[in-house]
Amino acid sequence: MIDALFLVLGIPLLGAAVLGLTGHRDFARDINAAFSLGTLIAAGALTARVISEGPIFAWDREFFVDPLNVFLVTLTAFVAFTTALFSRPYMQVEKEHGKMTPNRLRLYHSMYQLFSFTMLLALLTNNMGILWVAMEAATLTTVLLVSVYRTAASLEAAWKYFILCGVGIAQALFGTVLLYMAAEKVVGAEGGALLWTHLDAVKGQLDPRIITLAFAFLFIGYGTKVGLVPVHNWLPDAHAEGPTPVSAVLSGLLLNVALYAILRCKVLTDGALQGPLAGQLMIGFGLLSVVAAAFFISRQRDAKRMFAYSSIEHMGLMTFAFGVGGPVATYAGLLHMTVHSLIKSAIFFAVGHASQKAGTQIMQEIRGLIRVSPMVGWGLMLGTLAILGMPPFGVFASEFLILTTAMREQPWATPFLLLALGVAFASMFGRVQPMVFGETALKPLPHQPAAIPVFIHLGLGLMLGLYIPPYLDEWYRQAARMVAG
Amino acid sequence: MSLGVEAILVVVAAWLVLGLAGLFALHRFWFVARVLFPAGGALALALAAIALAGLHASAESVVLPIGLPSLPFHFRLDSLSAFFILAIAAVAAGVSAFAAGYFRRGEGTPPGLLCLQYHVFLASMVLVVLADDAYAFMVMWETMALSSFFLVTTNHRIPEIRNAGYLYLLIAHIGAIGILLCFGVLQADTGDYTFANLRAQQLEPFWASVAFLLALFGFGAKAGILPLHVWLPEAHPAAPSPVSALMSGVMLKTAVYGFLRITYDLMPTQFWWWGVVVLAVGLATALFGVVFAAIQVDMKRLLAYSSIENIGLIFAGIGLAILFSSFGMQPMAALALTAALYHVLSHAFFKSLLFLGTGAVLHATSERSLGKLGGLIRTMPWVAWVSLIGALASAGLPPFGGFVSEWLLLQSFLFAPGLPTAFLNMLVPAVAALIALVAALAGYTMVKFFGVIFLGQPREEKLAHARDAGGWERIGMVWLAGASVLLGVLPVQVIALIDAVTGQLVGTGLGPVVSRSGWLLVPVDIERASYGPAIFLAGVALGFGLAYAFVRQLYHGRTRRAAPWDCGYPWQTPRMQDSAEGFGQPIRQIFEPLLRVQRELPRAGDAQPRYRVSVGDHFWYWLYQPVALVVERAAGIVGLLQQGRISVYLLYSFLTVIGILVWVTR
Amino acid sequence: MSSLSGQLINFFAVVLLLLAFAMISQRRVLSLIHFFTMQGIALVAATVVVAYATGQSHLYVSAGITLVLKVFLIPWLLHRVIDRLGVRWDVETLINIPTTMLIGIVLVIFSFNLAAPISELSSSIARGTLGIALACVLLSFMMMITRSKAVPQVIGFLSMENGLFFAATAATYGMPMVVELGIALDVLVGILILGVFMFHIREQFDSLDIRHLEKLKEE
Amino acid sequence: MTLTGIASQILEVVAALALAPLLSGWVSQCRAWLQNKSAPSLLQPYRTLHKLFNKDSVLADRASSLFRAAPYIVFGCMALACGIVPTLSTELPLSPAADAIALVGLFALARVFISLAAMDVGTAFGTLGARREMLIGFLAEPALLMVLFTASLISQSTSLTTIVETLAHRELAIYPSLALAGVAFTIVSLAENARVPVDNPATHLELTMIHEALILEYSGRHLALLEWAAALKLFAYSAIGLALFFPWGVAEAESPLALLLAAPVLVLKLGIGGAFLAALETVSAKMRIFRVPEFLATAFLLAVMAMLTRILLGA
């Protein structure tokens, strides 16, 4: 039967080509959703194979699928599909508002598919060089997506995004070169030196000094893409200025892929150094991100910027969790990654509809959503409560595990984490509550908002909070064992 | 009987099914009000019966497959949790019955959603009390906070209600963070969060005290202990009356349960200064609560502050119990703990009864401020007489439940001179005096509450045609009033229930001594002190009957009706009665330093002279606003990081690279 | 033989470093582009020497790509952008040139003692050049920070890419072919996008000064 | 529950009911003499009671059933209070049912009901009187409780009969704590029974009266019951005073004939107490209402000081 992996990568590429030609027409929205659905089905098939046969290789070991990246692939495909569903009514309204001309629509649809291709490529590739190329390509596609409105603000956001991430990714290239140098001495030069599985097998003999420098550059490189605090500046602008489906996919998926890349490097570095250097770096920057982002949130007036900062906070929390290491913390980090992307994309769907209804993203002008359209109102309220870590939802489950392991491993860090979570709760909930409750002058949307994706994501988030299915739990355990060693 | 935990979980599941049924019948008002809520009440009754049976049964636990794979939900029913479930279920039965008649069309959220939130709230409270591991406890704890938040903001069109909801959820969340930290300290590096493991840990004194203070902070935030009480007078009045009855009567008790579970059950060793801290905080809260209750103008805020006072008394009782048990005086500790638990039960009943009373008044007159009520005893006799029972119980007057717990508390203070250190002995008179003062002020508050609302002349015309409570509402209120009276008259039987709990927590109970003396409540021995409420009530009734018979036989029963004495001034208007501010004026004058009073006196020559006095809360100005200011300023400083210039951003990235390289190769 | 090619590579490395310094101190945009082209040529030469010395055939292909890309295509594109947008000749800098030169020297010293322990480990003939490559990267990074015009910033970005390419060829005889192709493709597409952006920024703000792009910030 | 116990209990209540109006008549007679006035006869209170019982009871047209029930409840409470405090003998079957704290609670119950009844009619005087009564109540009640606690600390029990027995049997020694408690108790009883420094029992001047304002609306048999209850309250307070500070002469458990001796001793002690009260009233002038809290606060502090001295000095 056709290799599922080939389908997972082929369908989005084909979609990008097809939509490149027909992207401007009305039915383009449905083709986009169809292609995303195809990718999701292929990803499902791939997952089934990995479950039954364990890790598989393809194309003479260039591509590699193991428990860690297969659940990320399924997650990426799933969220890409639901975002495509959401973007159908959203783009219709944007077209009527005149903000999306036909060829912009074409650019948007084709870049959307290309973007999901680059992410899936980055996840599935076994070659660290290709991983870098895929990340760079993802940056390029999202730059175009962010600047699709061609307003002054979106141009500025796109320019900053490109320059800052370009510079960041360049450091990662230097890191990859150093990694290759260290690998070549051990594996020899017949081309297998950059394959992650080779490196993983031989990571004990890699030279610690080169690997330290390599990890430093790789961490700062991919850390810029994850949005860790000192190098986060591009993230709020990029996520706020692009169209909402793009922000949902950026916040939900691209940050995860960047963190996945760091995880790959951390596995190698831990093997080579036997020391806590990688963990310490991640704990330090993770904690800094959580605390700084919490204080950033309290100054926001634009809804999408606020949720972008919330993404920085959650990515910081995940980096902290992976930095703490050990099977439980890594398990919590992976769970947090899943639940965060589900809930954050649901929130962006709700915010998208809300801002379209109010015509602005400034929170003061959006009032009383529940009275106008209960679906969007309740979606936003429950999503915000979920992302703030209120228990029935999954985010609390992973935060509980992270905080409790942190209390055991790094007790000094817990007060800072809890202070940040408290401040974030106070400021974010203080702004979202008046948006959802109270009187309103907003008029209902012409088109029925796509509420199904919002509540599918919230339902999954709620399920993960109360009950984690056994096979999913087994997956996380394997991946956690693999990462935490 | 293995009935215990499984049966309770079945009832809780039934509640959730009722809630979901409400969700599907979103706007079918009659179905929700007349079928779902009474069904919820019936389930609550069943739960009360199970808890009663489980009180003396041995502890059983069950593990559900849901929750984290590594830490599935553990639930355990021991006598402490059975006692609190009994309180929750009994009050919930009455309140559900009342709610069946209370909710009317077109008010805030659709009735179906309200029914869902209401039953999730009940279910989460019961599960909090049943939880046997930190994760289940935290999940149920914050689900309780979340569901009650949505209930508080039912009609969120009003800005004050929104702000009250926000403040409530914020402080609840911060409290929950404190509790999470406390569990973290308790697990002492074992990583296993089941309560069984937490019990087995031996913490050295420093960490045990840190855990204790965190528990006091966390549960104090939910109970409304002094520095963290600001949300209570905002949130409880904002909620619809049945919900505020449940929140005040029962939700505050889950905080007391949590505190008892941690200080007595999970931490074997206790230090005497813990007791002093809890005692001091409890008394300060009680005095603060009762003074503010006496000067309130809004009837529901008055009851909310009175809840703060009662919570203060309960924590004072617990503080004394800790003091005694840390010195190994177990019988005295049992006495103090029985007093606290008795007050938990009686306060749950009479406070929810009073809130339901205000609910009925609110629906009849749609008026909340005391200045616009009055003379309702004539148009709403049922509500008036039932609220009278609640008011007398809340004032701690003899034949009712409130007096028994106060009597036990004062008795336990009289045994305090047995404490070894002289400093603690000196404590006794001051604390006993404060408790007596608080009880007396509670009487003052309740006379003001009942007198201004139900007695005298109606201060507004529209009060004349206020309708009395409906059928369902009467059932709910009579159930709660009956329970208050029974608690007052049959203390020996109630203490037999409480002994199972004190037996588990402190080792001994009052049981053997109390049960020997039949109708009399004799805590230690007959010589020392005894109180027989039944005989007491019989004495008063006998006096009443004899006087009545004496007058009717020897003389006559003729009465004539005439206008009241107006001392020669014929134009007496209802406005001339004492208003709520007037009745509270002496307290405001005596306790001036405690309050933040702003007076607006009319100047000479004012077109319309207006006198306005507003009483603020010192804590709000000296604690909450500075904290908000600090967070604001910190955010400002952090905000500088994002100044918009790309070259600055590149500089950050450059410096980070250099910094990491230097650090890595150090 | 190897010593000769080693000396040649060191020579080209030094040329690259000199050009990076020159670009920092340059005021005119046109000469900036010329220096960038020269850097491309030096890079191609170094790659050819390494290919010749180590017999790696794929290095010739990558040298060819670099030649086409970095010496012909990108400079031509930059020239077109400058003519079409009528970019003014002088280059405004945020901090004056002497201080940037001083910082540049400090950076070079820093990257040398950073790369010293590693370079003698690597088996490739161009061991010493790793420090120089890192220096080029940091210098061009610093150049991007101190320039306030879009074009010089882009050129800084490109010279950083050059530094990285040189590090790849010098330290590890070049990355595997498929990776080299991917990187080249990314750089090319990147430049195209930047060009398109510069046209839009010009329309929007009718100047290419980065200081206009400062609206998105915290109040 | 011996026969003598029941007999002494009934005798005690009947004696209280009979002697109470006599005591208040005796006090007003002493006061008149001290103020050089010709005093009304000793039996005047009985005549007023009889007159009031014969008259029709005029009720306000708005008065509710609470208004009509309150006098009976207050009278019942006061009668029970006199039954609990040991005046003639300490062998009372009712005493285990209510100890010192229950007694204070009983007074509080009576005070709450009379205040509610006053507020029921809804005139300015009723609510004014109720507020002042509750003000005095919430300050006097804790002080009374502290006084009783001091005595119970000495006798290691809060049941009144045990207190009287232990205080009666110890040898005659000066207890500083009891002295302080005595001063506090006099202040509290003055305030509670609406005597001069706090409130003038004889006045009908609306703005100054507290106790009178409460019973302003009552007439006929209800007023009679309330007057009688007031007299009973004065009797109960003096009984408590005697029990705590002059306990000698009270009959013990097994000696019925001592009961006969106890009656005259009680009358003698009440006479002296009544005269002392009248002297106190003529000496002091009525206070402004907002001086009363400080007055009662001193009583409260004295009582707490009494407990402190008891615990620290052991005397």
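Chains here go by letter, A, B, C and D, matching the order in which they are written, and residues are numbered from 1 within each.
Here is the rule we use: a residue touches a chain if its C-beta (ideal position, glycine included) is under 8 Å from a C-beta of that chain, and two chains touch if they have at least 3 such contacts.
What you are looking at is a predicted structure, and each value in this text was computed from that prediction instead of being measured.
Asks: Applying the document's contact definition, name the chain pair with more C-beta pairs in contact, B-D or A-C.
Replies: B-D
Asks: Could you state the distance in Å from the CA-based centre of chain A to that of chain D?
Replies: Going by mean C-alpha positions, chain A sits 80 Å from chain D.
Asks: So, what's the distance in Å between the C-alpha centres of chain D and chain B?
Replies: The separation of the two C-alpha centroids amounts to 36 Å.
Asks: Counting only Cα atoms for the centres, state how far chain A is from chain C in Å.
Replies: Inter-chain centre distance comes to 31 Å.
Asks: Take the average of all CA coordinates in chain B, do the same for chain C, and state the distance between these two points in whole angstrom.
Replies: Chain centres of chain B and chain C, defined by C-alpha means, are spaced 70 Å apart.
Asks: Which parts of chain A, given as residue numbers and ranges, touch two or more other chains?
Replies: Where chain A meets two or more other chains at a single residue, that happens at 159-160, 163, 167, 213, 236, 296, 299.
Asks: In chain D, which residues are in touch with two or more of the other chains?
Replies: none
Asks: Considering chain B alone, which of its residues make contact with at least two other chains?
Replies: Touching at least two other chains: 639, 642, 646, 650, 657, 661, 665.
Asks: Which pairs of chains touch each other?
Replies: A-B, A-C, B-C, B-D
Asks: Would you pull the chain A residues touching chain C in the complex into a rising list?
Replies: Per the touch definition, chain A meets chain C at residues 127, 129-130, 132-133, 136-137, 140, 143-144, 147, 150, 152-153, 155-160, 162-163, 166-167, 170, 173-174, 176-178, 180-181, 184-185, 189, 191, 193-194, 207, 209-210, 213, 236-237, 240-241, 296, 299, 301.
Asks: For chain D, which residues count as touching chain B in their complex?
Replies: 53-54, 56-62, 64, 66, 72-73, 75-80, 83, 94, 96-99, 101-102, 105-106, 108-109, 111-112, 115-116, 119-128, 130-131, 134-135, 137-139, 141-142, 145-146, 149, 152-153, 156-159, 162, 206, 216-217, 220-221, 225, 290, 293, 300, 303-304, 307-308, 311-312
Asks: Can you check the complex and tell me which residues of chain A touch chain B?
Replies: So the residues of chain A touching chain B come out as 159-160, 163-164, 167-168, 171, 212-213, 215-217, 219-220, 224, 229-231, 233-234, 236, 277, 281, 292, 295-296, 298-299, 328, 370, 385, 388, 390-392, 396-397, 400-401, 403-405, 407-408, 414-415, 418, 421-423, 425-427, 429-430, 433-434, 437-439, 465-468, 470, 473.
Asks: In the complex of these two chains, what residues of chain B are touching chain C?
Replies: 639-640, 642-647, 650-651, 654, 657-658, 661, 665
Asks: For chain B, which residues are in contact with chain A within the complex?
Replies: 65-70, 134-135, 138-143, 146, 153, 156-157, 159, 162, 165-166, 169-170, 173-174, 177, 180-181, 183-185, 187, 189, 191, 193, 631-632, 634-639, 641-642, 646, 649-650, 652-653, 655-657, 660-661, 664-665
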